[in-house]
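Below, chain A partners chain B and then partners chain C, in two separate complexes.
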Partner chain A sequence: MARFLVTRTLQALATIFVVVTVAFLLGRLSGSPAALLLTENATREQIDELNTRLGFDQPLPVQYVEYLRGILGGDFGDSYRQAGVSSMDLVLERLPASLSLGAIGLALGLVLAFAATITTHLARSRTLRTTFLGLGSARQAIPDFFFGLLLVLVFSVTLGWLPSLGNRDPLAIVMPALTIATAQFVVYTRLLDNSLSEQGRLDYARTAVARGENRFRVVVGELLPNASLPVLTIAAINLGSFLGGLVIVENVFAWPGMGQLMLSAVYSRDFPVVQSGLIVVAALFILSNLLVDAASALIDPRVRRA
Partner chain B sequence: MTDTDLVRKPPAARVVAAAAGLTPLERTGVALVTAVVLFCVVTPFLPLYAPYAQDLSRAFVPPLTDAAHPLGTDMLGRDLASRLALGGLVSLGIVLLVVVVNAIIGMVVGLLAGYHGGRLDNVLMGWADVQLAMPVILVLIALSAAVGPSVWLMVVTLAATYWVGYARVARGTAMTLRDRDFVLVPRIQGASATWTISRHIAPGVAVQMLILASSDIGAVLLLTSSFDYLGLGVQPPVPSWGLLISEGQKYIRQAPYLSVVPGIAIFLVVIGTNLISQRFTAERDLRSARRRK
Partner chain C sequence: MTTPVLLRVDDLSVGYRDADGAEVRLVDGVGFTVHEGRVLCLVGESGSGKSLTMAAVLGLLPEGLEVLSGTVRFRGQDLLTLPERELRALRGNELAMVFQDPMTALNPVKRVGAQIARAVRAHHPRTPRAQVLARVEELLTEVGVPDPAERARSYPHQWSGGMRQRAVIAMAMANRPALLIADEPTTALDVTIQAQIMDVLADARATSGAAMVLITHDLGLVAQVADEICIMYAGRIVERGTVWTVFDEARHPYTAGLLGSLLSAERAGSRAYAIPGSPPAPTRRPPGCAFATRCELPARSELCGTTRPELRPAADVTHESACHHADRTLEFARAVTA
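Right, the complex of A and B next:
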């Protein structure tokens, strides 16, 4: 187990290193930010002074080593647009908002999927299954940003129940979380439904039913724990695209998270902020994968040996 | 109806026979997609077509109130029907471009990896795994921040990153076909790898690529529309469906139809293509879910 963890941790660190390197190279692709940061009639001296201050006068390998040294010391470079403010501080300031929205959205999606599937299986109803899967598929055919807009149209503009922007009001999380949750719903419902049906055909399930246990106990108490493992694994595997989807939802609802920050940094060509954001997202993604691997190795000895 | 029936009949009869073999849901899908595509193609030939002409005195005309502007006008008095049609041509054109390029890249990579195996296979599929771990949207954000957002950047990014699914399928099929008799015989007779792949393996793989591509259209439309919406794709004044929704969002209170109409267009195309490709994707989803467990 210890060896497994060490190898996986080393792999994770190597991946982070690759991400940092790619982020650095992309940043240099755009060239010196002098054209962005100085006025049109800046003198040659001003441009040179800026390039020296940011290290753009050095050869690329030197800049790279400097950048890595800075990162080891916790310095990820200052924002181009807000002089003297660390780009990483800007990103980390937004992290809690993103994490809370992502966690609540994901949890809500899983809860909805579990509730729908358990109801279907308890009622043994084909109609219910078709309805849930049909609604879920229809939702998936609507782009997230448009679904969010429809929610705004109904609940903010027409009914006036919910605030449409920001995160000051505690109710403001309802619509972005619903947008995320409903987008995930059909994937998890279909998976859990299949996996529950499969478990239901196995001997232990038949035995339980034959013993005369009530259906609720069999489905929820005995089948569900076995059936939910693959769903949780897929939820973890999908985390990357999930983090990507968060960017869109944050922008629809002006939710002050990392995605919104990174996108506005794209518009203002504030590359260091984008760079730090990418590193944080990659680190989150890699860390969660590491945790999932460790957890499944803990549960399933076959993974450990592989 | 068997496959041989389809092959022997003349083209028109084949279309009829194929349509007869469709389920009602699949037929609905074909009808939806055809309707939207027809609208986009025909509108530019109508006299009302003027996607860029502004008329501030006739801004925010609601839909179905003015014969000259059947779908109404936007904040600058531009005709929404014209912009919807042009936006659709732009959006769907980009989707087709991305899907076709991805299918071709994926097919070539998959065929080479599957046929030759060994180190080439490891390298190509290893790279595919790396790409799968990177959400396209983050790659596009990084590139847009570096060189500035543009529609070509979006197309190139998608073309370079989205082929992995195709490559995996092509590789799998190439690996199984490689050792079948009809491929082994020419190989033993000394046919070159290029000949064997293009003459004997590629045709079998191409059908699968076509199926995958058809089921990908909806997903790619959702993706590119999101990028347009975020400002990372098509740039104004050229309209696209995603961009129309984002322009309309600012006026959601006074003129919600500006966003809702293009949103419905996206929904119809995605649900239509999903209905058409349903029977393939359902099987594939189940298979990949089983494999992952």
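Right, the complex of A and C next:
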């Protein structure tokens, strides 16, 4: 267990280090930000003064070491666009909005997928399976931004039931969360369906039937814990594309999250904000993977031992 | 001395329909009777339909396979037409099963004790927790698991194969079944463990008085435990009788061949008899006797290739054979077992 923790911590640190390095290189790739930050007719002195202040007059390795030292001291660099404001503060300010939307969207997607799949298997119904997978695939074939706009068109513009922008109204989360949930739905429905069918053919399933368990007990009590394991693993792998989707959904619904912030930071070349955003995303990644591992260990005693 | 009939299977066929809608019979017209407290052995090479026969009895056929004909009467009730609910009340209660591979028969993510407890709870849902725990401990003790309270809290991967099979037997015995179906319960185990598991089964039967259908291809085992014996070949029963009449006077060349390979294997030095060839695939059974391609009975005739022999009394009504030349097998049997 101690060894496990040490390995995982080292892995996490290595990942963060790689991300920090890539973020740094991205930020330097386009050269001095003077052209961005100063007016077109800035004098040579003004440009030199800015470069000195931001450290751009130093050789790249020195800049890199400075950046790392700053991070260790909790200084992730100030935003280019909002002078004097820490880029990390800007990102962290947006974190709760992203987390709540992402978590609710994903949780809703998982709940729908589990409910649909369990119903299919309890009823042993091919029709239900085809229906759920068909609906899910049809939804997935529509790009998120287009589906989001469709929702806005129906529920905000036509019916006027739901607010279309921002996150002030408590109901505002409904449409962005639905967009995320329905996009995730088919992924997990297909996974869990396959996984449950596979488990159902194993000997222990037959043992359960042979001792007189009813269908619900067999599916939910015996097969489901085993069938959820691969789903969890894939969920961790799928996190990247999920976060990508989150950025788009935040922008469609003007949801004031990190995705929206980072996209606008990219447009305005506010590299410190982009860098800090990447670091936070990487940290989230590591954290979710840890959570998935913990959940797997909780379900599967064989993982616990390893 | 006969006891009342517990299970009576008649004309049971199991299989599926192929792409053209034609029936493929993996089990074809099988029938036998199990009396209360007695042991019936289903014997035959792997693939002869033993497991499917008993899976059909319990309603445990894998997806894609169905019962194509027959009746299965348990205490006079036809299990094949019984509503799922009522069949469920019998499974794990009056009718229990032990499977071939203990390594896969238990749920890997649930504690062994909890799985045995489910066997109690499935049929007595309102039993107090403490009582269930005590019962689980008692069952584990009966099947010879040391430290039952402690072991009950561990997971299957922490148990050896032999111990897992004991747990599976404990689960099967949880509600004192009237009939225990054991599908090759020792095949997957080390030779040294096999005898122990058979002892556990014998003890369990002694305390509960349960009848047993034992599926096996080990004729040595049959000799030790069986009252009645059914020899299966290519989905059909080819010989049926009490164990000693069949062993002493094999009325089917296939049985004779099996006995021959068993006895010559036991007696080192003598030349081993081996049945030549292998059984036909279920989709490619010959029109006459399914054993014809492998049969070495000197008396076999043209009839064997054209007409399927039906099971009928050979020596007396309790000893039946599905061979056209059942009256000419004794000499052959003596020759191959010599």
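We take it that the second predicted complex is superposed on the first by the 285 of 306 C-alpha atoms of A that agree within 3 Å, B and C clash if a C-alpha of one lies under 4 Å from a C-alpha of the other, contacts with A are read in each partner's own complex, and residues count from 1 in each chain.
Assume a residue touches a chain if its C-beta (ideal position, glycine included) is under 8 Å from a C-beta of that chain, and two chains touch if they have at least 3 such contacts.
These numbers come from a predicted model, not from an experiment.
Asks: Output check: A:55 vs chain B and chain C. Expected answer is one of first, second, both, neither. What do you get?
Replies: Once the two structures are laid over each other on A, A:55 reaches no partner at all.
Asks: Between chain B (first) and chain C (second), which does A:278 come into contact with in this model arrangement: first, second, both, or neither?
Replies: first
Asks: So in the superposed three-chain picture, is A:96 touching just chain B, just chain C, both, or none of them (first/second/both/neither)?
Replies: Neither partner.
Asks: Touch check for A:207: first (chain B), second (chain C), both, or neither?
Replies: second
Asks: When the two structures are laid over each other on chain A, which of chain B and chain C touches more residues of chain A?
Replies: B
Asks: Answer with first, second, both or neither: which of chain B and chain C does A:217 touch in the superposed model?
Replies: A:217: touches chain C, not chain B.
Asks: If we overlay the two complexes on their shared chain A, which of chain B and chain C does A:166 touch? Say first, second, both or neither.
Replies: In the superposed model, A:166 contacts neither chain B nor chain C.
Asks: What does chain A use to touch chain C in their complex?
Replies: Listed in rising order, the residues are 201-204, 206-214, 217, 221-222, 225-226, 299-302, 305.
Asks: Help me check something: in the complex, which residues belonging to chain B touch chain A?
Replies: Interface residues on chain B, with respect to chain A: 133-138, 141-149, 218, 222, 225-226, 229-232, 242, 245-246, 249, 252-253, 256, 259-260, 263, 266-267, 270-271, 274, 285-286, 289, 292-293.
Asks: What part of chain C is in contact with chain A in the complex they form?
Replies: Touch residues, chain C against chain A: 58, 60, 62-63, 88-93, 96-97, 99, 101, 104-110, 115, 118-119, 122-123, 155, 157, 168, 171-172, 174.
Asks: Mind listing the chain A positions that touch chain B in their complex?
Replies: Those in contact with chain B are residues 22-23, 26-27, 29-30, 137-138, 140-146, 149-150, 152-153, 157, 190-191, 194, 229-230, 233-234, 237, 240-241, 243-245, 247-248, 251-252, 262-263, 265-267, 269-271, 274-275, 278, 281, 285.
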